[in-house]
Structure formats: C-alpha cells, structure tokens
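Here you go, one structure.
Lettered A, B, C, D, E and F in written order, each chain numbered from 1.
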C-alpha cells in the first residue's frame, strides 16, 4: 500500500519557461529511458519477487522513490509550458522569427492536456508497458535495472547539457545523482549474490552440461573474409572463470531447411501445393494431415 | 553489406510436431527477449558506433549471427506446425479430448501465415522496435546487451524445460550455449573498458562534481515507518570505489507544486480559470501570456 | 513524493490456484479497464492540475490508493500461478484431459516472468499510456474517471462471476466496493462544480454563441429512409436547460470536396498530375507552388 | 449497411493554407479525442448492443454522422497542405526565416501521403482501436461517450483558438456545436435510464450486498500525515442516495504478501530457489509441483 | 457524408454458436487482413485523392461497402458468443472435457465487451491505423488494395475451411465473392491507367534517367558462394519493356562507414570520445561543433 | 545463416549535414515504406516458404540485400547529424533565426542515440512488425511486395526531391533504381506463376463455385442516389477472363440483426437484461445458458 505527502522530493524551478524544452523533458517521463518505466519495472519486480524477502522490500522501496521522480518531471514540464503560445497568431507576435516555438513543441501539450505533461516520450509516442522487465530471475533483472539507470542517466546528462536554465539544471543534477546511486545499487545486489563468477551464466540454475558447451565460450566470426574482430572476448579466461574464450569462423552445421508443401485447405496457391518440396518429417506424419 | 548461404547455423529437427509449442517458440522470435530484438539491437549499435572502430566490427559480426537465430527459430515454428488442425472438425477427429490443440495455438499460425512463423511473441503481439536499445554510450549499451542475453537465455531455458522433443532440446541447447557466450562477450567489453570502477557512473564523461553529490551514494528509504531495507547497497564502499554507501530516510526537499491557473483560451472549465492558484513564475512572465 | 509500507490494502488469498484465472485477472492490471490506467490517470490529472488546489490533492490521494490495487492484483496473479505447469509433460500428468491448463494460460506467465504478473491485459497486450486521459479540463476529466470506474467495476463483477474461489471473491468484493465509491466520488466533484447545467457544454469557457447554434441541440438523422431513432435526446429540454432538443434528417451542406491536382514533385503518377481536378484555392495560391 | 453521397456535411474552406495547422488538425482525426474513435466506438456499441433495440439504432445513426466528420477533417488537412514545401530549398525561398514551416509539419504529410491526411494524431502516432470502448453495459458506455465528446469538444475549441483562418473557424464552429449536442445526447440516455440514482453503481445488475459495503461510500485517505482532502465526496449523501459519504485514513488490512520460492525448472537463480520464503499456500499444494 | 439503413448486406446466421470460432472471426474484423483496414484504407485514399475525380468516387463507394462488412462480421462474432461460458464452473458443467471452450476464447469477449466483437485481431491485438495505406500515388495504392483483398480472401477461405456451420459458411462465401471482385476491381484500375508497362516504375512521374540505371533491372546475388537464384526475374525483358533483366553477384561499392567520434557533451563514454575515429566530413565541418 | 563484410553496398556521402533531413530519412528506415519492413518481410516469406524451393532462395537473397539498405540509411542519418545542436544555446549561436534546426529534428537523435539512427519513422514512431506480410500464399505475398516497393520508391523519390545534397541524391538514386528492379522482380514471379489470369482469384486453390458467384464480378453501388461510379471495373471482361463485370446498386439482403438480451451475470445494466430483444437463436440454445 502506498502513501503520499503531495510534496516534491527536490525543488522544481523554471526561470525561463521553454515549451521546446518541455518536449525534451517528456523523454524522461514516458521514454524508454524514463521514470514511468523504472517505477513500474521495480514495482513489478517487487510484486513478483520469489526467494529472499529482502529483495522485495528493497525493490518496492526504490520503486516508490521513482514515482516521485515522475512527479518532479511532470511538474517541470508544466512549468516550462506556462507561456506556451496557444495560437498561431499569439506566437508570431511574441517571437520575431515567427512560429519557431510552436514548431518545436509537442502540440499535444496544447491540444490534449492544456499545458501539462503527457505519459509519452519526446516524440509523443505513449509509454508502453512492454518495457517493464521483470523476468523472475533476480540477476537478469539487476542487469536490466543497471541498463535502465545507465540510459536514464545518459538521458538526464543530455537534458542537462541542452538547457542553461538554472532551475532545470539544479533539478537534473539531483536526478543524475540518484541515477548514479541506482546504478551502484543494482550492481551491489549482483555482488551480494556472488558477483559475475557466481551469477553467470544467467540463469545459473540450469545445468551447464546440458548446453552445447563447444559453443559456450566461442566468439563466432561471420565476416565473409573469415576475419574475426578480436578483443577481450576472443582470447583468455572467460568472465565466469569456467572456460577460456576462443574464436573461430562460423560454419553452418545445418542444411537448407525443408518444409512440407502447403496442405490443400491452407489457403496457398495451387502451384505451391502441387510442386511443393517434400519434408521427411511430413512423410512420417502424413497420415495425420 | 550482407550475404547468406541459406543454410541453418545448427540443425533444426522436430520429432513430434506440436502447434502449442510453436506458439511458445514465438516468444524467442518476436518477444522482448527474442532474436529479432538482439539482431536489430546489435545492428543499430554498430551502425551508430562512434569511437574505436573495433567495436563496430564486433557488434556487426554478432548482429549477423543473430539473424541466423531468427532463421532457426522460424524454421522450428514451421516444423512444429506441420500437423496443425486447419478446421474445428479435423481437430476433434484427431484429438480425443476435443479442441485442445486449437485452443492453445496461435490462431494466426493458421489464419495469417498458413502454418509458418510470425514476427510476434507468444501472445501474438508484434515485435516493436522501441526495444532496440542503442544509446550512443558503449557502456550503457553493453549492459543492455547483457540484459538481452540474460533474459534470452532464461527464456531458452524455460522453453527447454517445457518440451521433451529431442530435436527441439538439441536446438535449444545450442541457443543456450550461444547466450552463455554472448553474456560473457558483453561483460568482456566492459572489462576491456576498465571494469566497473572505470565505466561508472554511466556516462563517465559527465563531471561528477556537477551532480548533487550528497545523493550519489545514498540509499533513500521510502518506508512509511522509517525503516530501511538493508544490504550491500546501504553500507560499505560503493562499487566504483569513489564513495561510501549510506542509507537515510527520504525527506521532501520541495514543497507542493504550484501551477498557474489555466489561461482563458486553453480549454479549461471557467471554474478553474477563475479560482486558480497563482504561481510565482506566472506573475513574472504574466505579461507574455 | 510517495511512501509505502509493503502491506496489502486488503488481504489476498487464493484457495485453489488457477492459472487460467490468472490470465483473466491480467485484464484488471493492464487492461484498458484496469488499475495501472486509473493510477496513472489520476496521477497525471493531479500533476497537471491548474485551478483550485483541492482537486490536485484529492486526485493525488486517490491515485495513491490505486497503486495499492495494482499490488493486490499482481499478488493475486502470482498466487494463482503457484501450481502452473512448467512443461507440456508435467501438465499432462497433472490433468487427465491433457493440456487444458497450458492452453488457457498466458504463456508469458511461464516464459517471461517465471510465474508472476505482467503489466498487460488478458490477451498479453501491454498497457499503453495513451489511455491516460488528463485533458486539463476538470469536468471532462471527471467524466473520464467515471468511465474508468464504470468499466473497472463491470470488469471486476465479471471476474467475480467467473470464479468461485472464496479468496478471490473476497478480494474482488473489496475492489468492487472501491469502484462503487470512486464512481460516486467523481460525480460528486461534478455536482460540486454546479452539476450538469453548470458544467455543460464542456469546456464551458468557450462562448457558446461562437458555435453554429442551429446544430447544438439537434439530433441529426442519417437513416437512409429519413426515419429518426427517437428518445429523450430528440425532444424536450436539453440537459443543460439552455436549449430544446429537436430532430431532423441530416442534409449535406457542403459539396463534393475538390483538391488540387498533385504537384509534379510530389511522387504521384503522371496520369494524376496531368488530369487532376482544379481547386479554386489552388488557383489563388498557385504562384507559391 | 451504409451509403454515401460523397458530399460534405458542412462546407470546408481554407483561406490561407497552413501546413502546421494541418498537423494540429490531425489530432481531431486520429487522436484519442478524434473522430475515428467516436465513429468506431458508436459503431461497435451498436453492433454489440443487447437489450432494447432503440439504442442500437440511435448509436448506429450517430456513428454514421461521425464518419462524415472524419471526411470533413481529412479534407481540411489536405486543403491546408496545398502549398506545403516539398523540398528544403523550396521552403527557404518561400519563407524569410528559413525552414520554419517544414520544421512544424508532420513530414509524413509529404513523405507518406503526398499532401493528404493520415489516420494519426498530431504527433504522427497512428490511431489504435484499443480506444474503442464498447463494454456491453449501456450506462458505462454512455459515460464513455460523454467523455469522448467532452475531450472532443475541448480539442475543437483549442483548434478554434489556435487558428484565425475564417474557413477553418467556421468548420470548427460546426463541429463544436455537434459535440455540444452529442454530450447532451448521451446524458439524455442516462436520464432515460433513470438518472444517476438508478444507473449507479455501474453495473447495477450486481447485487450490492455482495460487495464489501463498509468501503462503498468511504473516501480513503493516503496522505502520510493522516489528513484527508475534503469536498462533496467526503461528507453528505452519496450521489445514488443509497449511502452516506464518510472519510477515513486508509489502513492496510492485509500483510506483506508471501509468494512461494521459485521452482527448480522456472529459470530463476539458484540463490532464489534455495533461500526462498515459504508460502502457506504452497505447502498446501506442494504435492502438485 | 454517410447514411445507413441498419440492415445487413447479407444475412448472418449461426446454427451452432462457437466462441472459439468467434475468436477466429476477429482476425477478419481487426486483423491486418480485415475489414476495418480496407474500409479506412479506401476511405483515406478517397479523402486524399488528387487527380481525376472518378477515382475518388469509386474508392469512397467501395469504402462504404466495406463498412457493412465490419457490421456483418461483428454480428457473426456476437452470435457465436451467445452461449459462451461466463464462469469457470458453468463451463465445466457444460463440457465434459473441462475448460476447453474458455481456453480457446478471447477472454475479453467476456471481460471487456459482454459477449460482443472487439476491433482487434484473433490474438486480441487492437487494429492500428498504421496499416491504412494511402500514398497519394494511385498506382501504388491500387497494388496495396490488391494486397489487402488477396490477404483478405485468403483469410476468409481459411475461416471457411475452419468451420462447418452452414450459416457461417454462407456468410463467408459471400465475403469471398466480394474479395474476388475487389481484387479484380483494383487491377482494372491499373489496366485503365495503362497496365504494367505504363504505370511502372511507380511513381512514373520521376524521370528514370535520374536513377542509377545500371541497377534498375539487375537481380543482385547475395549468396556467399556467388550463385544466383534464377527465374523470370534474372533474364529476358523486364515487365515494363524498358529494360532487360540481368543477374550479377553484388559487390560492395562503398567502404566501411566512418563516423566522427562522439562530441564531449553527447553523453558518450570518455573512452569513445578520446579514441574515436576521424571522419573526413567532420574535419570539414569541425568549426561548427 | 548470414555473413557480412562491414562495407556499404553503395557509397554514402553527405556534403552538408542537415539534422532535419536526418529526420526525414528515418521514414525510409523505420517507416511502413522503409527498409526494416522489406528486409523482415522477405525474410519471413522465405523462412515460411512452402512449395517450390526456388522461391525461398530468391526471397532470402533479396532480404539479404535489403539488410544492407538499412545499413546505408542508418549511416546517412548519422552523417546528417554530425553538426546537430546539442543545446538550445549552441543552436542559437549557430543559426541566426534561432532554434529552427532543433525544432525540426527528431529530438531523440540527441536524447536517445547520441546522434545516430533509430529504428523509427520520421515522427519517431517505432517500426512494428505487424507490417511484415507473409501470408503463406505466394501470389498474395508478391502483390504485398510490389506494394512495399511502390511505396518505398515513392518515398525515396520524395526524399530525393526534398534535398539538394549531391551525396544524398546519389545514394537515393541508387535506392530508387533498386526499388525499380524489385517492383519488376515481384511482378516477374507473378508472370512466372501464369499471370493475372492464372493466379486470380487469390488464393486460387479455393474452388470458385463455393463462393456466391452472383457477386464475384459485380461492382456494387452504395451511392445514396443510386448512381454508380463507372470505369473499367463496371463493364467488360474481368481481369481473370472468367467473368464479365457488371454494376448494380447494393441492396441489403439481410435484416436488422437481433442479438439475445444480456445474460444476468454478464455485467450489463438491469434495464438491458429485462427489456432485451429476443433472438431466435437464443430460444433454440436457451437451455444451455
């Protein structure tokens, strides 16, 4: 269950409202690098947490913090829209170069919300919850969270560099610091779980002898001239210390695939049905179809 | 530029075609954990690679391998569909319990493709390229790639556990091995870049003194009773060795936000316009609106 | 800013886990009638609230309650999945009729989450934030909220009728009660704003004399035989008491539209360019193109 | 079955074509507040109408009118695009400030349609039919329709305020009038059904004694300081006259949720499986998994 | 402007309601091969038609017919749902094999619509208007329409083959006949425009000498062994009689691409910035960045 | 299996980087007319090819070429972004008219990719794989491919007309030539299959006598005045020479549809349940519900 105090985690000030920057800020609300995503991602990881209870608590606690970041950014968008042009005429009179502000705005900030934030990205594409990664595997989820905070901090840095409004820079410097911490936090969980050596390969509950181990530490080359891009990944001990990296050109181990011809009632063209290739499998199961 | 030989990287055999398993396999083609995603993700990271050229080559090479995994899985789907029921009647006669196969299938395998794979997930939701993460920051991208391979291998393990068809298990054991390697590969790049200490916080090109450093290593508690979920993240040296973890209850540093009342032409109700709260910002910029 | 206690607003018990019902419950989490929607909708209405501050507080408070409903339902999904089949074989041995459970499940409950909830609907379609209505007009938003709670309660009733698990029925009877209250709550705001007569037409800040008032209270008939479906809407005083309903057959007041022919560089076929119809407008602006 | 005469319901004139306004108009075609939505929504409500036949007729009739509104707006978009720049050079020569028009346009008006409308919103996001609400409950549907017309009229007013083209203002003044009527129309149906008292709670066919009636008229407070935002919703008789509003702080009635630990084949990490918390439910059903 | 008579273009009868077939029929309503798509596609092609007016009329006329096909299919879905199970218990008692019907249904037919059609496909994915092709080029649009009717008829045939309900087969045999005609219709327009020779290459208004004509009729081989799949496309006169088909192995005419290193404020890692490759272009424009 | 050489199929040069043109180019990468679409479409048609093996090879070969077109265009986007403004200030100093470049850019080129391409269209809408048409019917697929190449070439021509950068025009003239060839290629397959007369109606494996042949070659008029838009489609021999075109006004052959009233547990309003219309079907199956 959740509670609120209606206050902002950190002050949100805008000295020079800028509707174009309001559009840019949308990426941090409803973009794939944004705050709706992390709030829901940590929430669903918590709600589905199986195993030690401490991780559920920790995830839920940070999810709750992220809700407040949506609030901060939505407030920042609204404040940047305070003087947005509501008409093509108003804009022309306010701006000597004619129409530049409206051109760069998210028009839905006028048309759909009456000068407030949307749960969408900087192009107006609504956030879609397929981006909420909660796999049921805690190590995989921690890497997903590091990714979210890495792309989140990169975005916040780009927004910081884009503006020179002191209020906006102050707010962003706080969000950047929180992203620093959250990158640390998820990596700390991985260390607590034993670090790379212990957690890999993810999921580590699958007996590795069941995989085709000839290919478990091999960098396969697909360059047409047989060359192989070399680096740490092509030589030396693997990151999990359970194998040695090798490198080799990839060769097809299978043949060209052969599918059965279309069945008469399957909606194919007659020419396909008559002249189809015969699959060995189909001969075997032919009596059934 | 790309080339093909039309052969499969690894043999794809199905002993007992199972249209319900065909639906499950779709998740590995068009799901967020699937192969279209990694193929396009590594491809777009390569196409946009700025900085040392070796990473472009390495990414493009592995993107090319992943294209062949889509091919393998699409073939596996088609082979699992060889004996799928095309009519409600056909099914009933083939299956004593009546309709079970059709119920569990992706009906579009009959209706839309004529017994072949779709670029969609196990629920028939088409893959959408917003899942292609290519941030222009190589460290962030490597964590995104580890995530993709961790969720990918978890999915492949679940598919392996779901079936007992020897052909399918063999194919999946190959794909699982490749996911093992690819997890290693992206972590190897991070090590080559200097490891956690060097790459954090991502992006490491932003001067850390510009962030609100009081909050850079602090785990903030949002539990209503002031308790704080403790762990490696709340105490001891941070992962980047540049700070010490602390933990504290989160306090609002800002007030309740105040927005200007709606402007007369903004499509709000009259009651909002008349009785709106006054924002200090708006007084300042009032002459413009 | 937000807080949590990690507890459930109302107990969530499942006596007989049922993975098929877990899929049905997803509609109440990530469906358009579900809880992610209302939580975010009330939140964004609050974040963008302009006008009297009390509505921001009220909206934010109820948004916070709805977050806890997502938590309850996600827990209910996980509990219904406790005994879900992880393999096609496991299922057959557990279920005499073979495969029925897996057929009716959301396979991603196995493949993507490891037996936990998704932010998706009963068909696995992820929630997409375009459904978050926050228009900046408080009356319009209140009707949107009544709609959300009406469809939400209808869904909860259908789920209640679908199951006979005592624990699930108890949980749903709580959520149904809350939806009852929330329908009341939003209508209460409309009454506080003056009721139908005062709030209509929405937005009421637009001077009604600027609209084509001949058509403001007329039910227009589009039946080919000129008949008009009659009812309260075709006769008598309008709901806002500012007009009388009339009914009349709709007649086209405009002509067939005429567009300019394609311009030479616009990518049309030559035949279109040569033989295009001439628009009066284009003749006027012809010099510009 | 449907018919057409190819004429416009109301004249569509553009005096000064404005490609940026063409983009704004898209919101009224393919936005969530737009005409494709209402046309399809009323159509699907009609097609699925169960109960008195008069509502099917009335809904179908108005759906048919809305089709003509799509036609009017698509024509308006095309006419506003008559002089759109087809090249970066053409634009520079036509516009002293360089590129402003192209910047503010929907580029797909050039690239994808050759100067015609798209079934998308002002940001180019295509309309998606998840916004077609047809719940099978007539009262819920009527509120959905009021919402659609309220947001629709708000949008039309904002478009009216944005332009000063006399032709566009005339067309919009007609559409605004129709939205006025349609708000009335759906509320008239609700009155015919007995008004708020009779239709609430929606669905009114569920016996209210089966809900947890202690919570049916209670405004629950989630403010951390125990305060409760007060208003018409927290005191006095409820809107349906069947209860009295109360207000109280929300207390968790449930405990922290406890899920079973992950099962060995579920793709979790080994550490989760070994150290998982034990759910009482799982002990009960343990033999099955 | 549009009109209706509320009647069905062709009778819709269901002898044995089948909720699983209702789900299959959804593909013909909201699938990419379905009727919402063609109705809107022909409508938007008509609304944006530039050039000879007769094509606008013809397109609009057929769009209007397709609206009635949505109506027929939505009615067919509702009739197939008449006896759908509303509860897990009801189903078990009605069906000896337990749960088969509910497993194969679109659960939203119960949960979201109360036994009526959705504007979604057979997997519950809502129709999205990006599938409405209206390019402004009449020849390209005609091929898009042939495609729509070819996939539409293929789908209808598959549905016909799937059911043995006499009512449903009768309805589908009508829709199949209409798809036959509509394939003819769009090809007839192409013939009227001069046939393949005249309309190709689309758009035919672009002077073909401006393209790299060495590659205009060449089938390029990307097989790693240099072999080339041969057929009508690799030899003989081209379809437009303006060239001869040739075949050759594809060779890269460009080099490896070289991008500038990341700029300091672009959010990349420091290692990328320092060691980046130098692009010739960037040297040239270096002063600007 | 696939291979690469990391080189470009055709040189990609940009003389004057233009971030606004970078946005336009996105349509050719991730738009519905773009290269991701054709690459995946031909790939999935190949992977699912049943019937003569030569078509699988031919499709796979051309899919492989299209992958290289994504590479070319992604490179072109990155090169056009070389001098993009990273801050609102930087832009103002570089551009006398203030902000025009940033206004017209895809902001995610700065915020999400660090100056590189996205797999999205010119409005930032991500490509979604529902546009990958692979129907299992080779003739239908060929028409889908002609459509893809017709819209693709139209787009490329519009991009060519939009820019005057010599490098970009050169690259586009190559892509235009390839689209010319690919239109030819798919039509050549249709000729090889026997041409229009043989392949129609698609699918030609359905016995045409099972369709309602009275309507197979009739152009049906839905104009309210009974007029019929005439052309090649309304008179003369049909394209497949198996019928003669006729034209007639469309008459409803069915009645108004009648659905059963809602069932008590279906979540409808009581008023619907009590007063519902009675369907003949329901009387027949009444015992079951």
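The definition used in the following text is that contacts are C-beta pairs under 8 Å (C-beta built on N, C-alpha and C of every residue); 3 or more make two chains touch, one makes a residue touch a chain.
Values in this document were obtained by computation on a predicted structure and should not be read as measured data.
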## Note on the structure
chain B and chain E share contacts with A, C, D, F
### Query
When D-F is set beside C-F, which has more C-beta pairs in contact?
D-F
### Query
Same or different for chain B and chain C, where same means more than half of the interface numbers show up on both copies?
different
### Query
Distance from the CA centroid of chain E to that of chain F, rounded to the nearest Å?
6
#### Entry: Euclidean distance of C-alpha centroids - chain A vs chain C, Å
26
### Message
Quick check: how many Å separate the C-alpha centres of chain B and chain D?
### Response
28
### Query
Touching two or more other chains, which residues of chain B qualify?
1-9, 32-33, 47-48, 50, 56-57, 61, 64-65, 71, 75, 78, 86-87, 97, 100, 103-104, 110, 112, 114-116, 120, 123-126, 128, 130, 135-137, 139, 154-155, 157-158, 161, 202-203, 206, 222-224, 250, 252, 256-257, 259-260, 262, 265-268
### Residue numbers on chain B that touch chain A, as the complex places them
3, 5-12, 14, 17, 32-33, 54, 57-58, 61-62, 64-65, 71-72, 75, 78-79, 82-83, 86-87, 94, 110, 114-116, 125, 128, 130-131, 133, 135-137, 139-140, 143-144, 146-147, 149-151, 153-154, 157, 160, 173-174, 176-181, 183-185, 187-189, 191-192, 196, 200-203, 206, 208, 210-224, 228-233, 238-240, 245, 250, 252-257, 259-260, 262-263, 265-268, 279, 281-282, 285, 288-289
### Query
What part of chain F is in contact with chain A in the complex they form?
1-6, 47-53, 56, 86-89, 97-100, 102-104, 106-108, 110-112, 114, 120, 123-126, 135-139, 193-194, 199, 202-206
### Footprint of chain A on chain E - complex, ascending
154-155, 157-158, 161, 224, 265-267
### chain C - residues contacting chain E, complex
18, 20-21, 23-24, 27, 31-33, 97, 100-101, 103-104, 121-125, 154-155, 158-159, 161-164, 222-225, 250, 252, 256-262, 264, 266-273, 275-277
#### Entry: Interface residues, chain C side, partner chain A - complex
1-9, 30, 36, 40, 43-44, 47-48, 50, 56-57, 60-61, 64-65, 67-68, 70-71, 74-75, 78, 112-120, 126-130, 132, 134-137
